[in-house]
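Pasting the structures here.
After this come two complexes, each holding subunit A, first together with subunit B and then together with subunit C.
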Partner chain A sequence: MVGAACALYAARAGLDVIVVDRGPVAGGTTGAGEGNLLVSDKEPGPELELALLSGRLWTELAEEIGDAVEYEHKGGVVVASTSDGLEALETFATGQRAAGVEAVRVDAGRLRELEPHLAPGLAGGVLYPQDAQVMPTLAAAHLLRASGARLFTGAAVTEVLRGADGAVRGVRTGRGEIHAPHVVNAAGTWGGELAALAGVSLPVLPRRGFVLVTEPLPRRVHHKVYAADYVADVASDSAALQTSPVVEGTAAGPVLIGATRERVGFDRSLSLPALRALAKGATRLFPFLERVRAMRTYFGFRPYMPDHLPAIGPDARVPGLFHACGHEGAGIGLSTGTGQLIAQVLTGHAPELGLAPFRPDRFPASASTASTSDSEEAS
Partner chain B sequence: MNPLELVRAEPGPAFTVTLDGREIEALPGQTVAAALWTAGVTSWRTTRGEGRPRGMFCGIGVCFDCLVTVNDRPNQRACLMPLRPGDAIRTQEGTGHDD
Partner chain C sequence: MTEPSLAVIGAGPAGLAATLAAATRGIRVTLLDSAAEAGGQFYRQPAPGLGARRPQALHHQWRTWERLRDGLRAHVQAGTVRHMTDHHVWFVERRGTDGFAVHALVGPEQEQPAEVRATAVLLATGGYEKVLPFPGWTLPGVVTAGGAQAMLKGGLVLPGRTAVVAGTGPLLLPVATGLAAAGATVAALVESADPKSFARRSRALAGQPGKVAEGARYTGQLLRHRVRTLLHHTVVAAHGAERLEAVTIAALDRDGRVRQDTRRRLVCDTLAVSHGMLPHTDLADALGCRVDGTDVSVDDEQRTDVPGVWAAGETTGIGGSALSLAEGHIAGRSIAARLAGRAPDPGEWAAAARTRDGLRAFFAAVDSVYAPPAHWAEQVTDGTVVCRCEEVSAGAVREAVHELGAGDLRTVKLLTRAGMGWCQGRVCGSGVAGVAGCAETAGRRPFARPVPLGVLARAGETEEQ
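So, the complex of A and B:
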């Protein structure tokens, strides 16, 4: 998704763009996500600024391709089960408001008006009208189409070509060489491996997440609804399983129940404890789900960075190499802002957000993992 | 050829289930989809967007095309669900849930 957005904004800035993906479009983390465009779960700071910029850009894009990508400006509702939890949530929201987030306190009675099927007895919550959703696979495909970029799928990058001066000259792929003065590493969870091909380290780690999918239903969940503990789980550095229910309806009918987080490498085995925890948490929020069938589950590997911030911008260690990866579970939402910032720096303009917090070389050098990359753009 | 002869099956006695109130016969171990096909019914659901007819497609529980309401539970996979005497199968429109 981030690669598609980089392609779109770079092309609109007048650059000639080639997108190289080792698999099909949205075949990696993008196709395994929920398509959340969230400000609600972000504390004030650089990631929230990027989310606000991205949200504005998604709103603009939605005017062009909103229906095609199932864009829904549905809003998010964060609920607290106790009054202590509600006070903590309100404190969090106060900080967000100062940073430009719309956050409306919702008392217990009003909660049921917003979401009639919510469990009784919740203390209250906060409504975030800026939260939205897209269908991520459609979004990646339509952004790529709108970009007009040339697209090479099934073409893994095997080498980053560099000149005698060390600067990037392009990439070698399974389908031949592509020469370009700039290479953007948008390989998501595999971004560390692409970086290693260019001789630099970037500590992108996989963080596995499961999503449960129910049978299609008439609309019963209107917002993205989650418990206040979700924010703490997202920010956690623990490798152990974290589960907090995130429940939302979709345009197509199924209810999606997220979101587990655990660092277990690229382990693709099904985890029943994770799924049970998801189902239990979701039925606690929405008791009617007890009588609804879960139809299937899917999972993906989010690109986790040790400080929970993506790598965006030029890599000072390799002239011509840019990074746009490591957005963890927020890559769909943050893709547009990331693409815009990358396009600005590629064309020699000042990026509209400071890139210092996102510097790709902010981590101490370490041994990187090895295998192949997911997607990159040469522009 | 009769598939029972083909595999030399000796099923137990047939029993009765209903499709929208109409009685049809089923054999022990037969799935909803198999009994409906045997009764000449190939479509038992309409899609939620455009109301198009659907029946069995993959037959192995993967595609979720053959969804049907059985004993008031909507969205059962007809290709996987074995029938029991007296089961009430109902054709399903859209999500199968009223709201």
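So, the complex of A and C:
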């Protein structure tokens, strides 16, 4: 998805673009995503700024190809079960509002109007009208088509070609060499491997997530709905926002429930405990789901960075090399802004957001050896 | 876990043979099956309420069935086998040193959970019919050949009065003769296989005298009922306003393309169609067992590459009931030895192994003879619905390939929703792959059946009930 967005904005900035992928279109994490375009879950800071920029660009794109990519401006609702939880949520929302997020506090009565099938007894919540949704595989395919870029699928990059001065001059693939003065690494969870081919380290690690898909239903869940409560654990040095799975209806009928977060490397086996946690979280929010059937489940590997911020921009270590990866679970949403920023720096313009927090070389070289074996309970 | 135990999933020929072989050798067996009676698809039983007087008229190898049925009954009475009917298994969970938990759904709506723990698992989940799309294939009156046979065997009802049986594969013969014997007019048996390829594989096919005799018996029955057999022909389209009224058939040329000048219409109210069988591999795949192409991979003892998991019958490759019996028998003996902590002596099952090897060679030859026409997908018009659950047309699949860069079945699915509905691609997978022009792969279906979220939310949490 990020690669497709880079291709689109680079092509619109006047560049000649070739997209190379070792698999098919959307064959990596994109095809396993939910297509969340969220601002609601982001605290003020560089990621939220990128999300707001991306949201504006998605709105523009939706006018061209919104139907084709199943763009839905459905809004998000974050609910709290207790009044303490609601206050914490409100505090979080106050910070977001100052950063430009629309966040509307809703009481218990209004909550039931927004989502009549929610569990009874919830304290209230916050409505985020800017949260939206696309079908990620369709989005990647249609952005690529709109870009007019030449597409080489089934062509794995085996080498990043560099000149005598150290600058990149293209890539070698299973289908031959491609020469270009700029190479953008949008390899997602495998971005670290591509960086290594260029001789630099980039600590992108996999974080597995499962999504559950139900049988098709008449629309009963209208927004993206999830529960959030601050852990008021004074012993914890950072108050982490604990969230339950995001539950949402789709245009096609099924309800999507996602997603778990586990650091288990590239383990492809099915985890019943992870799926159980998703089903529990979803049925707790929407009791009617108890008897609704899960048709299937799928999983993907989010590209995550040690500080949970993506790598975006030129790599000072290798002239001509740019990175656009490591967006963890937000890559679909953040792809448009990322593509726009990459296109701006590729064409020598000042990026409209400061890229310092996203600098690809911000990690010490040893960071790439961070453990991948620790696991987290599914959220 | 105190005493080693075995869970057998599927009570068809393979599952029954394995159950008897293991239980006779002292293993505690739980046999789970989705049907109300044992027998599987092959020995499907008429519902008892129908009062069938001679169900054996619809079956051959009735004696074999009686032996399996009586053996199971004796073990159930002796308490050595638990037979759990109407259990729809949706997932088999590996629980480390605890062995396995088999998760099933029971009850009239399949909403209640049931869980069985075992030290070893045998997957004998059988196969299902493959049907390729053609214009008109979604009309009422078009049924699968296996479905027509199931109606005859299980419900003792005729699907229609005038039938055409079409497609390819050895299943078409018993379906055509069964329909004719039950009183239907069979207007034609339309088989796309080329008689020349029978001749080319005659040695391998003649290596199984029993099978040749079986074929000759069906041929005799077809003649007796005056059923016209059209080899190297195919159904081009089915026609009808509300339901099926006629089909257009045509001969094939040497390359497997329709010869347009040979098109003609046959009036019929039933079209029973089948293009072969595919193994059920969902449970095996979710367990992490290796699946080669469309078949679960097993060794000489019928073991998968996941310790503690065996597989037998159609799930390891389509080969009919006799092969399933041999594989089930070998699996049951291997499991009995392995669970007792000793390596089995293959000499014990030498006869079954010979049967297995012979039948595998025979069905490899059968597979190469019975094939859909090479260019069948050309007959599928853009407007033809290829995925019925999600109502995806052939045109949409072609657009995903030619316009949006899909090159494999998964990407086609994600771009078009073909295969995302109730059948999870079981019905349409082969058809969509053919229309898209990409390789057919065993689909990943982590849940073998849809499972209520309330059941999933508690699955595997408690100790065995």
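We adopt the following convention: the second predicted complex is superposed on the first by the 351 of 379 C-alpha atoms of A that agree within 3 Å, B and C clash if a C-alpha of one lies under 4 Å from a C-alpha of the other, contacts with A are read in each partner's own complex, and residues count from 1 in each chain.
In this text, a residue touches a chain if its C-beta (ideal position, glycine included) is under 8 Å from a C-beta of that chain, and two chains touch if they have at least 3 such contacts.
Since this is a predicted model, take the numbers as computed values, not measurements.
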item	value
Combined model on subunit A where subunit B meets subunit C, clash or fit	clash
Contacts of A:G174 with subunit B and subunit C, given as first, second, both or neither	neither
Touching partner for A:S269 - first (subunit B), second (subunit C), both, neither	second
Touching partner for A:A279 - first (subunit B), second (subunit C), both, neither	second
Subunit B versus subunit C as contact partner of A:A26, first or second or both or neither	second
Partner chain(s) touched by A:R293 [first = subunit B, second = subunit C, both, neither]	both
Subunit B versus subunit C as contact partner of A:G148, first or second or both or neither	neither
Partner chain(s) touched by A:R220 [first = subunit B, second = subunit C, both, neither]	first
When both partners are placed on the shared chain, which of subunit B and subunit C touches more of subunit A	C
Overlap of the subunit B and subunit C footprints on subunit A, listed as residue numbers	215-216, 293, 295
Footprint of subunit B on subunit A - complex, ascending	215-220, 253, 293, 295
Residue numbers on subunit A that touch subunit C, as the complex places them	24-27, 31, 137-138, 141-142, 144-145, 151, 153-154, 212-216, 252, 254, 257, 269-270, 272-273, 275-276, 279-280, 282-283, 289-298
Footprint of subunit A on subunit C - complex, ascending	91, 93, 111, 286, 288, 390, 400, 403-408, 410-411, 414-415, 417, 420-422, 424, 444-447, 450-454, 456-461
Partner subunit A, residues of subunit B touching it in the complex	48, 64, 67, 73-75, 95-99
